[in-house]
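Listed after this line are the structures, all set down as structure tokens.
Both complexes shown next keep chain A, but they swap its partner, so chain B is in the first and chain C is in the second.
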Partner chain A sequence: MINALKKVPLLVPLVLVMAILALSTDTFLSVGNLENVLVAAAILAIPGVAMTFCLAMGEFDLSIGSTVSLAGVACCSALIAGLPLAFSLLAALGVGAFIGLANGLVITKLGVTPFIATLATMVIVRGASLAYTDGHDQIVSSPGLKYLVAGRPLGIPMPIVLAVAVAALAWWTINRTRFGRWVCAIGSNRDAARMSGLPVDRIRIAVYVLVGLSGGLWGLLISGQLQKGNGQLGLGFELDAITVVVLGGTALLGGRASIIGTVLGAVMIETIRNGLNLLNTPPAYQRISVGLLLIAALALLALRRRERRGAGPNRVPARVQESAA
Partner chain B sequence: MTTRTQIPLGRLWDTWGVTALLVLLVLCTPVIAPGFLEIENLQSVLRESAYVGIVAVGMTFAIASGAFDLSVGGQLALTSVVTLMAFNGGGTAAAVAAAITTGLLCGLVNAGLITQLRVPPFVATLGSLFVFRGIAYLLTQDGPRTLPYEQVDSPFAKLGSLNFAGLPVPFLIMAGVFAAGWVLMHRTAIGRRTLAYGSSPSAARFCGISDTRIRLFVFALVGVTVGIAALTYITRVWTADGSAQDGFELKVIAAVVLGGTALKGGKGTLIGTFSAVFLVSVLNEVLVSRGVESAYQRIVLGCVLIVALTIDGLRTRFAGPGSFRRALRPTS
Partner chain C sequence: MGSDPPLRGDQALLEVDDLTVEFPGIRALDSVRFDIRPAEVHALVGENGAGKSTLLKVLGGVHRPSSGEVRLAGARYRPRRPADALAAGIAVIYQEFNLYPDLTVAENVFSGREPHSAISRGIRYAEINRRTSDLFTVLGVDIDPTAAVGGLTVSEQQLVEICKALSVDGRIIVMDEPTAALSADEVTQLLGVVRRLRDEGRSVVYVSHRLDEVFALADRVTVLRDGRHIRTCDIADTDPDGLVRDMVGRDVESVFHRDQMSEGKVVLELAGVSAGRRLRDIDLTVRAGEVVGIGGIAGAGQPELSQLIFGALAIDFGTMSLNGEPFKPRNPGDAMARGIGFLHEDRKAAGNLPDLSIRQNLTISVLDKVRGAFTRLLAPAKESDVYAGYHRRLNVKATGPDQLIGQLSGGNQQKVLLGRALAPGGKLLLLNEPTRGVDIGAKAEIHRLINLLTADGAAVLMVSSDLPELLGVSDRVYVMAGGEIVGHLTGDDRTEENVVACATTGRRVFSEELTKR
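Right after this comes the complex of A and B.
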């Protein structure tokens, strides 16, 4: 039990926040509300899980917010053009995978730093989405697309089904497959990974394609919810996705991944957003609380690291500091 | 030493490459964008670039020290809101004082998170981005803060639109900040130490460079530049709320990186940053005058960024990354 807590440090604060909300509001514990929280968390967990791979590798993908927009637009405009639903869904996923592939190729073959490469594709893809829609909404009315968000196979909301499937697959991949080991190996020391003969470039490209695909799925869910696609969807989503992973305890510098942590991170963020809504606080507090949460989580991690290592690696002997002054 | 036999081509490109591109682009403008070289248009380009450029000075130091500051957008929104509140309450002097103080405080908060709580800079400033913007939203819950209409002729409100000897005042302020930044980076101990720290934090620590002081210096500097930038920004648009300048941090970081400052730290070029700021805005202006929609402008700018960084990757093979020894040498 204590071991489990150590592995998933987010569990205690999450239970704490839920207890506070249960005591301070009447509605938080109602079935409908809890379901709302879990559905929102499920939608956020899907890209979070994919982003976990990216951060485990020690890299970021900033373009995922724009992917959400372009994938949504692709699906909606395919539906408007009268193409079958299956094709429209595949189009969105294809757009996501293609953006991921482009990211991977630019990063590995052209040698551009991931931060800047995905920053550039973020701008390009957002531009493509705005240019294609000419700033207009692409409104659809598609029960099939709606089913992705609001459907209930066996009474369970569809996003939760999807998120559980994605998270289970990701957990298995990270912990039980060669590919997962390789991703973490690249994250902890890329040069060592290359020298041991791992196909580093191919793994990195694969991870970016995964993130792109999850962005495509995220776009489908968002567009399904709103029944429209446009160039403004998904603004700032990349920060949400990264925040979830960092909250979940995946090390920022790579080498380790915690899928369960990421899922709990998504639940944590959506619980807080929901709680602040129930308490009628202005939306501004939601931003502040997410920011503070992020800082607190990382400060705690840093503190634990320092305790474990004694004085810590960052300390310079006092004598050296004095002589420098 | 192998460094002596190297062709200096790579290093020449480091400092002057973007400037050369800028000159080339401007020389082409009579053909590709007639009307660009008219005085009024040039003045507007200089004026519009000022606030990005000013913050880019601080960001050049941050990236050269091996860290990002992702919170500058939130800092700018918060500082602008507070500045307008101070102006409405106490006039010009209060506004200027409020801008610099708020910016500095934001920077100190970041530095505190990084040095005292030991949160990595990327996450600390990502978190404080949310927090600063959130506070700006809180302060503007009942509508954006604006300059009162009867004050639009006051000297403060005119600061952003005045010209001095034909040059816009915001541009002059920006040029001053760049000059000060250059002196700070190349002629002072703390500037050299920042570069040394960026190229190798652990080597710097063994030389007795205090990482707390470097972080404090860098993030306070970013805060102060945001304060100055807020003054030129707010006196031009006269209104601010929590959503002011969404995505500003990426604009600034893009300019610094395009200018040739190494993302891994240890190498900063303010001349490059200066030219990159204008390269982006001239390119924007050319696209606008050719009737290219803003959506396509983004695509072009993104491609420029990728091309520039690809060239940078090739360049590294000629000149090598920023070296620790070179960083400590007094001239560059």
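Right after this comes the complex of A and C.
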């Protein structure tokens, strides 16, 4: 139990926040409200899980919010043009994957730092989305697209099914596959990874494609919810996606990944948002609270990292016993 | 342990009494005593993890003691931050320099204490440049105060750090492994500088693994082991064997012992290889079962040569062949697939994966070997088997395979990384500075391992700036200067004089030609 708490430190504050909300509001613990929280958390967890790979690799992707917009627009305009649903969904995912590939190539082949490269694609993609829609909503009425967010296979809300599947696959990848180990190795020391024979650039590109794909899926969920696409969707979403990862304990400097932490981070953010809503706090304050959370989580991580790794190579001379050979 | 000469209080400039430093779960220093007299060079020796760095960091105001006392000129000395230590005249030069590469030498020397104009607040550049240049004159070296520090050699950067210590009028200058990354020439220069400091009346605490330097330089020596004070004595009262015994607590067999090699077939051959301005027209062969050393002053292209063979540096001209077949690796992955193992000279920058466990550090290059045949997933049991095999051969001291590599001592980190280089099972090993910053016990073990590997038929190309190691472990030695090979020494030609002469004077010595004559 104590071990579990150490691995997922977010558990304690999360339970605390929930307890406070349960006591201070009448509605928080209602089944309908809890389901709202979990569905919102599930939608946020999907890009969060992909972003976990990126942060574990020591990098991040600011363009995901714009990807949400362009992917939603791609799907909606395909539907409006009368193309089949499956094609429209694939168009959105394809847009996401393409943006990810572009990010990956610019970063690895042109040597642009991730911060600047994805900041630039963020603006470019947002601009493309605005230009394509000319500022108008692309309104659709698609039960198929709606099913992605509102469907209930076996009575379970579809976003939760998707998030659980994505998170399980990601956990498996990080902890049980060569690719996951490689990602953490690159995040820990990229030069050492290269000198260990790892195909570093290919791995980095793959991770950006993953994040792009997740942005595409996120766009489908958002557009499905609203039954429209436009150039304004997904504004500021990149911060949400990064915040849930950091809240979950995946260090911003890379080397480690906690998928369970990311999922709980998404639950945490959406619980706080929901609580602020129930307490009639204006939306502007919700933004402030997300920003504050990000800073608090980073400060805690920095503290833990200092404890774990030491400031220098020989800061804590470990006196060790011979382990059983 | 040994008997110490009695300390007279009036003689000591700085006294450390009963000093204990504890970290969570670890006692890094245990009732240690130590003292520094005016105008002496006091060597501090011990294996990695003996507590030398902790002691330095207490003196430098980085760590605070759990108990015990430090007195400076009779008064209690309790620095709370590095600036306090500097203000008290104690300057600690750590192994990793605290320099700004983009600033000039003079800006670095006066960083944080820049004299400036009262009105415009502008830095008085003429003044700091002149004062810096005066300090270098005192040190007897010639470095341009207006040069950017990033463009200097490691040894020049070291001198900038020393200059910084002088600029605050440091009475006690503490140097942590100052020669770890220096070539033989630069070491000689540094030893001269240290002697000048002493002649000026300053005291120097000199931490080094290299006992030849200790004996060339020190007035007294203190040995630490496992956080305890073992012995302090005049240098004349001990000898290298005695110091080694004190450091490891047992007798160590002769460090450099190489079995007779039996010449095998050619594994690696380079013909006319060039890469940019860094490597020019390199011809070189390595045979199975032999250790080929590469020497020369730092910056002559040795690490670049091994990186080129490993596919990390592009080849412009010339050809390479491996086991008789053409060989042109595009990246390290290619080279590994052809059976080449590589050890980087800089553990911290390009070796350790600090967030990963020692087992994960060891297997990172061979994850294909530890995957399930059908599932393609990592199989922890197979991974543990690979680890267990190397763990036994390398004698890594750790609490277990899941310990983080950063928590090990330098020598044990190096053994893990050596295991990583061996794990692909290659027949050609490129080892850069295999024992840099490694304690004597681990050094001997690594040399023994190299010996075993070549006895098994592996070919080893070893870059080393440690002359006794280079000459003792290698069967043949190539010497590099300015990106070229300027010497090839075999048999009785393998002498320190020949290596140094080739590396520094432009003389060329090629053994084959000598034997032909």
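One rule holds for everything that comes next: the second predicted complex is superposed on the first by the 302 of 325 C-alpha atoms of A that agree within 3 Å, B and C clash if a C-alpha of one lies under 4 Å from a C-alpha of the other, contacts with A are read in each partner's own complex, and residues count from 1 in each chain.
In this text, a residue touches a chain if its C-beta (ideal position, glycine included) is under 8 Å from a C-beta of that chain, and two chains touch if they have at least 3 such contacts.
This one's a predicted model, so the numbers in the text were calculated from it and none came from an experiment.
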Figure out whether A:246 sits in contact with chain B (first) or chain C (second), or with both, or with neither. first
Which partner does A:106 contact after superposing on A: first (chain B), second (chain C), both, neither? first
Of the two partner chains, chain B (first) and chain C (second), which one does A:178 touch, if any: first, second, both, or neither? second
What's your read, chain B or chain C touching more residues of chain A? B
Once the shared chain is lined up, is A:283 touching chain B (first), chain C (second), both, or neither of them? first
Once the shared chain is lined up, is A:230 touching chain B (first), chain C (second), both, or neither of them? neither
Which of chain B and chain C A:192 touches, first, second, both or neither: second
Between chain B (first) and chain C (second), which, if any, makes contact with A:115: first, second, both or neither? first
Applying the document's definition of touch, where does A:295 land relative to chain B and chain C: first, second, both, or neither? first
Shared contact residues on chain A for chain B and chain C? 314, 316, 320-321, 323, 325
Chain A residues touching chain B in their complex are 106, 110-113, 115-117, 119-124, 126-131, 134-135, 231, 235-236, 239, 242-243, 246, 252-253, 282-288, 290-295, 298-299, 302-303, 306, 314, 316, 320-321, 323-325
Chain A - residues contacting chain C, complex: 172, 176-178, 181-182, 184-185, 187-189, 191-199, 251, 254-256, 308-310, 312-323, 325
So in the complex, which bits of chain B are touching chain A? 113, 117-120, 122-124, 126-131, 133-135, 137-138, 141, 205-211, 242, 246, 250, 253-254, 257, 263, 293-299, 301-303, 305-306, 309-310, 313
Inside the complex, what are the residues of chain C that reach chain A? 23, 26-28, 48-51, 53-54, 94, 96, 226-227, 310, 312, 331-333, 335-337, 342, 344, 347-356, 360, 364-365, 367-368, 371, 376-378, 388, 391-392, 396-401, 403-404, 406-410, 413, 420, 424
